[in-house]
């Protein structure tokens, strides 16, 4: 549905040229929820701003529904944009309008009549939990409340494509979940295509179908969410995936367990779904004369089996430990001995 | 060090009175990292803004270092504020100043000479990863980059108290970690007191000593981080704590495992530190004729033992399952049978 | 008592002059507002990087605006006489002063409008663009709305400057308080008349300023 | 050729008048800038809810500013004669026009300054406050810096209005292009002189406007 | 407009005639105001239009806005006719405003020092008068080829004392300059001099005599030369009542034409 070809955007500052987006090619399907992650300054915001031509590309092409967006005339672009909702990182609310009026704005633009508009806006206000604050001005709202107005506004005109720039990063987990559920339900009901920038991996995990990882303007990795999560290739991706179980790699806390003692070995077990049996740890305990002490980590059940990482201490004779490790390896779980580096 | 007594702040809007902060009493120690969490609109921002009197309280008192802040004269307040750094939710950078000049601003205010100022600013720019962008203006920065300028600015004048309003919520995990490490190291070196608003629980977990939970202007729960995490009392708190292992409570995904089958039981094991042995699962596997299948959950090692939650399936004869559960319970781990509600 | 302090002040004249001043000011403020907003919008929109970015139109408008600000007001009045005659069917009296007053102050207000529009947050304009707003909508619902306090502030300043201009318009018999002060007061050395007129003008200025401030404050929801 | 088209234009006079206009405008722009910024700051800072919030001072300043804007310029010149004599040691010529020009336009610029300051983001003022900045620092490093483009824009508008005022200042022999246009052009029906003077004034207006726009654009880092 | 009123007046015939007369504020408009009730008695309804300067009243007379004007003296009237080509007539002279030259420090016109500043009104209509007065006292010489009444500062051909002319002062401000520019010669119209508290005959160094050619007249379009209403206007303005009024009110600053 959205096809991006060799898209680049350069900014000229006094000292240097910043290659905010650098030769990006991508295809995003209709009805897909597409996540974009990357470090601060990687070019994520610039990338989505190119998608509705708020930023004119330096080079490259964007095709939306067979139509070249980059060559669209002013008027056609305007019409197209009415069907592309956008949630801004900095909200960009009109301070002169109340919450209600801000949300009604895209409807006014699209020429929806007052009655229908009111219904829609009231519904959205309810959905984003701002009931009772309709007549407040943005300056009277908290950060998260402003963000929610921005979200409601972007959804008001039933867009076909929704661009979200850190739409939930000012929100608490409860509100985030509500908003995400809302997005998923619209996505399913109306085949809304969503492109979603975030640095919160659980957002990606919860609702995205595919994810792209940006680094210095380039897309360095792209794929199905689970695939990328299970098998992150790039260092950046690994760092992001790690966020899902933030404690697992805390070397400080593992240090105490890593000793010279031959009879104890700290290993990292990496469950990658598929063949891995769930009862692996008790199987090992039963079959071999070792104790498996779970130190830290997290594991979760996905459609395709267990997925996650556990750090465990194997406690037993050296030989037995080695055999157990082989056994675990053969069950389809990656095993890695952790040493003090 | 900071003592807050019956602090309240009301806002008057056209339709209603918003009780943003409502009768809050708290004590925060010197050198403490104090987290504040709560839903959007709970009054967190208003609360910290009261602490440096950017917002005048409706009633109540704040004492800082034995001095009543609420009664301080203009000039004394000004001097006091030089030692209270603040990171704003919306950055509040001066658009007319470059990155370098923005960070140097508090030093200019404190009258630090050019040479010393330059050293300090260069060091901070390096620390927040903006080397090479010193001469950019805020309008040329990404959201996260702006946030980092705000952080560097708040730290420039070696404050004694640091107020952080969602300081890291626009940042990717890597940068967040770097910033948090930086805060911890300053906290340890210089006994910096930090009051930190966030909705990211891993931030609280990683660096806070104590945490307060706000709801509708009130502090509904406050305590040591681990304590609150292990034993959240309020519904809000529970919802936040859940964020740390977002998958564990996903009832959708557990459903498949919960069956009528007598020989299989899904239980939730709650490790609360202290006496719980790490090798519990392999012990059970060895001693009883059951298989322990780890379904999902996460566990981590803290100074005080294992802490976390695992959902496991016990697979064996009914009687043996019951005995195993007793055994586990006696090891100091909370056991809860999960049913389909 | 009053008669003693103000021996030369004729109340009827003062009221007539007040009426004339108000008549000229109010009508020309309305005209200036409309013309100034249009010119200011054109200046802003055709500037580089903005919605209608167009060097030529910008250049022409800027030239027009500058030329009309450049011509000394007294000469402007005289130059406009044929135009005034055509438009108003008279070249004498308060009515005849209106074209010159409006044409003299609209370019000035246009610049204030331009400055006000430049202060509008680029982000909200982008937001409106991203919703597919027509330029028309962006103008009326974003630019003019978000700059309201500054537009009203600028209009207040212009209105008060206009009161000053009406005094000059006395040369074509427009009357008004400034003219009364000059003709019956200043030229005849009747200080009481000058003083009375000034008090009346100050009162009008205060009312305008107060109304402007009040409206601007009311509109400012930041 | 030029002599035929402009039979009555004496180039020397034109240059002298240009010099006089520039002299009066430039110096009074500087004076207006300083005085206007001070008054504008006082108006802004003493307003309700701002740093020095003070009804009395605000009221007095507003009154002063309004009164001086209310007095017709010609009468202001007359009223200021003793003051001018004391200050400048002459009451004739371009130099003598300066006090009236400055006092006449500073209140006007003050209002534009006030409007510009109101547009400064409250957030950055709070940020400066939270760092314990002195009011002095907030004024010079935040308020004036963050409103620079609007301040310069307003000054440009004021400067061009001042060019118009210099024409009126002709009544005390201040000279200048506006006066030349009136005396040698308009009064003697020498249309060529009026035209030549207007062209020169337009040129000056253009230079001022261009310089102002350029500076404002350069300063605007948003 | 007033031309309509005029045609109304014509159609109404004998009872009332309306005339519109343009005048400058002092003393012309004041004199006309005084004459208004007298004219009413004679069936003439007078409308006074006040002007601030000397170009528009002639312009308006020419284009029919006015029926007559009363602000200019004969030399200016003639130079205007010549320069612009108006077809006007002088219906009658009413008064003279003698112009004087004053100075705070200079004791006598014979003691004028080299380089003395001479301050003149910015009204071109007055320049010839002042220069003629100076020439009569041998301070300067005006180009013989120009009409003395229309002479300007540029027409001064001999200036032995190097007098420095400044001819751009607002006439009403001249008394102020007299007070403060103590070493200058200041040419002040008598009306302004009196209003500023000067005694023209005593305080002036030189002053125009009553045989001055600068008689202020009622001017009208040539076709109205025999207009009855305008004739009546002149009559009334020359009547004893008005003459007395002028003498009393202006104490010598305005001298009625006999």
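Each chain gets a letter, A, B, C, D and E, in the order it is written, and its residues are counted from 1.
By definition in this document, contacts are C-beta pairs under 8 Å (C-beta built on N, C-alpha and C of every residue); 3 or more make two chains touch, one makes a residue touch a chain.
Which chain is which protein? Per UniProt: A, B = ATP-binding cassette domain-containing protein; C, D = ABC transporter permease.
Just so it is clear, the model here is predicted, and its values are computed rather than measured.
The chains in contact with subunit A as well as with subunit E are C.
Minimum number of contact steps separating subunit C from subunit E: 1.
The greatest centre-to-centre gap from subunit A, using C-alpha centroids, is found for E. Matching the C-alpha atoms of subunit A with those of subunit B calls for a turn of 180 degrees, to the nearest 5. Farthest chain from subunit B, judged by C-alpha centroids: E.
At the interface between subunit C and subunit D, over half of the residue numbers appear on both sides, which makes the contact a same-residue one. Centre-to-centre separation of subunit C and subunit D, using mean CA positions: 17 Å. With each centre defined as the average position of its C-alpha atoms, the distance from subunit A to subunit D rounds to 56 Å. Each chain gets a centre from the mean of its Cα atoms; for subunit B and subunit E, those two points are 89 Å apart.
In subunit B, 90 are the positions where the chain touches two or more neighbouring chains simultaneously. Residue positions of subunit E touching 2 or more other chains: 53.
For subunit D, residues touching at least two other chains, in rising order: 74, 78, 182, 186, 222.
Taken pair by pair, the chains that touch are A-B, A-C, B-D, C-D, C-E, D-E.
Note for the complex: subunit B touches subunit A at residues 11, 13-16, 18, 37-41, 44-46, 89-90, 132, 135-136, 140-145, 147-148, 165-166, 169-175, 199-202, 205-206, 236, 239-240, 242-248, 250, 253-254, 257, 277-286, 290-302, 306, 308, 310, 313, 315. Contact residues of subunit B toward subunit D in the complex are 52, 54, 77-86, 88, 90, 92-97, 105-106, 108-110, 137-139, 157. Residues 62-63, 66-67, 69-75, 78, 108, 111-112, 114-116, 118-119, 122, 149-150, 153-154, 156-157, 160-161, 163-164, 167-168, 178, 181-182, 186, 194, 198, 201-202, 204-206, 209, 216, 220, 222 of subunit D are the ones touching subunit C in the complex. Taken in their complex, subunit E has these residues touching subunit C: 1-2, 25-26, 49-53, 56, 60, 65, 172, 192, 195-196.
Of all the residues in subunit D, the ones that touch subunit B in their complex are 121, 123-124, 126-134, 137, 141-142, 145-146, 148, 219, 221-222.
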